[in-house]
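Below are two complexes that have subunit A in common, paired first with subunit B and then with subunit C.
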Partner chain A sequence: MGLRVDAASFAFDTGGPTALSALEAVSLSLEPGRLVLVVGETGSGKSTLLRVAAGLLKPASGTVTADGEPLGGRGARGAVGLVFQDAESQLFAETVLQDVAFGPANLGLSADTAREQAGLALERVGLDPVAYGGRSPFHLSGGEARRVAIAGVLAMRPRYLLFDEPTAGLDARGRRAVREIVAAERQRGGVVVVSHSAEEFFDDADEVLMLSDGRTVFDGAPRELLAAPDAFEAAGLRAPEVLRVIELGRKHGLVIRPASLGSEAVAEAIEAAGGRS
Partner chain B sequence: MPAPVPFGQYVPGDSPVHRLDARVKLALVVAYTVVLFSSRDFAGLCAAALAAFAAVVIAQVPWRLALRGLVPVLWLLLFTLAANTLRWQPVASPVRLGPLGVSETGLVTGLFFAMRIVLLVVGTSVLTLTTSPVALTDALSTLMGPLRHVGVPVDDAAMMFSIALRFVPTTAEEAEKIVVAQSARGAVFDRGGPVTRARAWVPVLVPLFVNLFRRADELAVAMESRCYVGRGRTRLREARMGVGDWAALVVGVTLATAATILFR
Partner chain C sequence: MGAQRQRDARTGSGPAVRSALIRFDHITFAYRADDAGRPPLRDVTLAVEPGRHVAVLGANGCGKSTLVRLVNGMLLPRSGEVTVDGIDTRDETRSLELRQRVGIVFQRPDDQIVATSVEDDVAFGPENLGLPREEIRARVDEALAAVGMAGFEQREPHTLSGGQKQRLAIAGALAMRPAYLVLDEPTSMLDPAGRQEVLGIVRRLHAGGTGILHVTHDLGAVLGADEAFVLDAGEIAFSGVLAHLLEAHERLDGWGLELPPVGRLALALAALGVPIGSPQLDPESMAVALWG
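Right after this comes the complex of A and B.
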């Protein structure tokens, strides 16, 4: 069960003069209730991996299945929802409700059901369907528009949700709202979050998949990164603050063993390690 | 300050024209166009002008919006007038412009064709100003429905039409941003001859088209990811023709048929 990408490879413009290998035998496994954080610098293949995992790109080799069904098959239609980077620029309908109901309508649901699912999806992203449903998606703030775009995907009731840079370009309030949505959706199904910065969802992640030049350079629990402090640098990324603090402590002879990688747990571990002056 | 309304953008309202079923409005616009193109003299065009005037008044659409659509076709209007009016060394012409003479018959013909273009633009503007893109898409999709049986991608065509209309203001806004950005970098658009001015727009048009293609590509993938395949979609609003819609259709088509027969 779960969403599985097994040894997927993908190249753009295969055989052409601008052929570019974007993924090389990358695997991803997502179980319900779990959050996988995919990190990597620009051009590392993160977004391509999401499109392959959502069934939008067919891998040259490897397989993609959702609960055992190959993606693209009837049973898997709508099983995976993808929230694109800069998703709000893809809103196009006349009203917020019509835009959110676009997916359910594509699934052939009746008008009443589509409307109901759209309303519930708006509630799930913290927007009142009555107040927002009739508004134009072009007259919303950046954070509101992003939430509407996410609602458009949630309305299809996917079992697995993929977010591509969900907080990019948002202010602090917008980022917090999106983080809350991601945390809530994780309770309903599996979530994959792609980010070029490891900082934002690192605390919440069950698994970190690090990509560099289309290849997997790390795949494991965030805690395992404690034993591989140079992994981020090797992938051209800045390590999350908590890992940097732990690594700095180690260099200064302070052995910090936090129960989790949350900032509070790390602070307690520093205190326990004798870091209190 | 409210954003300017570009040509063709829907202006929400609650006039009888706004409330009319989009299929009826489309059918009436087609009938109106038939009258325009079948009329052989000014009497037919005057009848059409009366209909267009009545539509604008009943729709309570500001005249500046109804006439705004004429701006892009201004050159076409001038060309139509000039091409019909000016003659190379006419035998007898009271007014001369160097080697060119003004033909009175040509002037009348030019005015006739120009008036036809003006009325066509105003009529179609009333349709797009009073009908939301979604309603228009649904209407097009319904009216063109039978073509599905011969393999015409009706739903895709209707969706493309709707999205094209929806993105007119976004594209205008984007073009404006690029103009401002290029002006800040020293670009000048209002100096020099026609060739220099045309060249000055290259730094605007190139990024504008690149952005449009990128946006189109992203939107297509985003729609696909939300299971859009063109067929088998349901609609949030099932349009039903009311008594008023039927009455408007019957009266409008009857008048148009009468005008076509009378003025052809």
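Right after this comes the complex of A and C.
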């Protein structure tokens, strides 16, 4: 079971404006119900990995399977859904419902079934299909438009969902709404989230995969990173700001071991380590 | 610059400050009825004096981007008056002059790049002014140096990182030698490294005397601002210095804003009785407050 990328490599595509970064023997294993967070700076290969995992890019070497079926084959059709970065810029239809129904209709479902799945998908992103279905997708707030774009992928009912920077550009409310959607969807299948701001999904993740220059430089549980915050700098990444506070505390000889990256947990750990010196 | 000056900045009282500033005087604005998703602005009054860094904070859809488009006449107010150094944005005879005074940088770097090389992109504005070649060259060099991108002249813009693209967009604005730079969420699509690059440039430009109107939902991006306004559903809900806004942190959530992560940690520490003095918002000053 699961979505598996095994030792996928992809050469840098230098031509054209859609140039993608290289990957070197990167593996990713996603079981149903789990959330894998992929972090890395721009150009580290995060988006390339997502496209490979979604079957949109064929790796030069390595394999990608969903529940044992190779992606691209008949058995894996529709198994993986990818929500692109800035997904709302691809909304195109006259109404929200038509836009969300486009994907399932394109999979060959009848118009009625596609509309039904679209309505349910809108409910799953917290938008009332009656209130929003007839509206133009171009006159929504940034957060609403992002949720409509996510619904467009959910409506195709993939077993595994991949999100590329799902909270980028959104304000506090919008980011919270997206985090809630991601948390709910990982209960239904497996979810991979690519994000350059690690703190956003850090505490929800079962596993963190850190990429640098197309290579895996860390793959493990988030709590391992809490114990070794310098792993971020080692990968050329800015550590989450709260982790940097912990690291600075260590330089003062304090052992600060938070249970999570949440403000309360970190505050408790700082207090337990002696608070102020 | 005490409270008196701030009050003056907002009301625009006194003849001296009246002319040289970006001034929104009791602005109302509404989109057409079929643009229901976008909020109107109601009775918005604010000012950016030369050389000041003013932040306008608010959630998505609060009217921030509308405000940006009112500054240089892309949109015109229904009532009230927007002036830039005394030029009324409704005065079509001065629209070119207006646009030269105000440089705008938008959220999405890719939407702002017009040429196939970095230097051509920066030269685009000055070329449209019909300036002599040597003058254009000088401006391009100066603008690229100001954003730390001297040496990138021949690069193709699509090969740049997000932070570099935004710096290029800022250089394009600077090549017009504006008195004011208006930034519309310039860092929200960038990774942490790109965000730091752009914020560093903004700090430097501010130190060099450029007036800055920085519109964002990211409180952490405007910690260096002289003055902050909160725009909530099209109305000014707060105006004052940033420190006062941070003290009013319990109101932030209602406005769709949040403290940066270190600010939230500071509150959690305070709740546990660990005193840290004034609210600390970045890791280094938090560490100093805690451990000296």
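Of note:
The rule we apply is simple: the second predicted complex is superposed on the first by the 259 of 277 C-alpha atoms of A that agree within 3 Å, B and C clash if a C-alpha of one lies under 4 Å from a C-alpha of the other, contacts with A are read in each partner's own complex, and residues count from 1 in each chain.
Here is the rule we use: contacts are C-beta pairs under 8 Å (C-beta built on N, C-alpha and C of every residue); 3 or more make two chains touch, one makes a residue touch a chain.
Keep in mind the model is a prediction, meaning the values are calculated, not measured.
Legend: residue contacts after superposition of the two complexes on their common chain; A:A111 is shown touching subunit B, with no touch to subunit C. Annotation for subunit A, partner touching more residues between subunit B and subunit C: C. Contacts of A:A66 after superposition on the shared chain: neither subunit B nor subunit C is touched.
Looking at the shared chain after the overlay, A:L225 reaches neither subunit B nor subunit C. Once the two complexes are overlaid on the shared chain, A:L254 sits against subunit C while remaining clear of subunit B. Contacts of A:L154 after superposition: neither subunit B nor subunit C is touched. In the superposition on chain A, contact of A:L140 is made with subunit C only, not with subunit B.
Of the two partner chains placed by superposition, only subunit B is touched by A:L82; subunit C is not. Residues 86 of subunit A contact both subunit B in one complex and subunit C in the other. Taken together, the subunit A residues at the contact with subunit C in this complex read 16-17, 19, 41-43, 86, 135-136, 139-144, 168-174, 196-197, 199, 237-238, 240-242, 244-245, 248-249, 252, 254, 263-264, 266-268, 270-271, 275-277.
Across the interface of their complex, subunit A is touched by residues 10, 132-134, 163, 166-167, 169-170, 215, 218-219, 221-229, 232-238 of subunit B.
Those residues of subunit C lying in contact with subunit A across their complex are 34-38, 59-61, 107-108, 158-159, 161-163, 185, 188-189, 191-194, 196, 217, 253, 256-258, 260-262, 264-265, 267-269, 271-272, 274-276, 282-284, 286-287, 290-292. Across the interface of their complex, subunit B is touched by residues 51, 54, 56, 77-78, 81-82, 84, 86-87, 89-90, 92-94, 97-98, 101-111, 114-115, 138, 152-153, 156 of subunit A.
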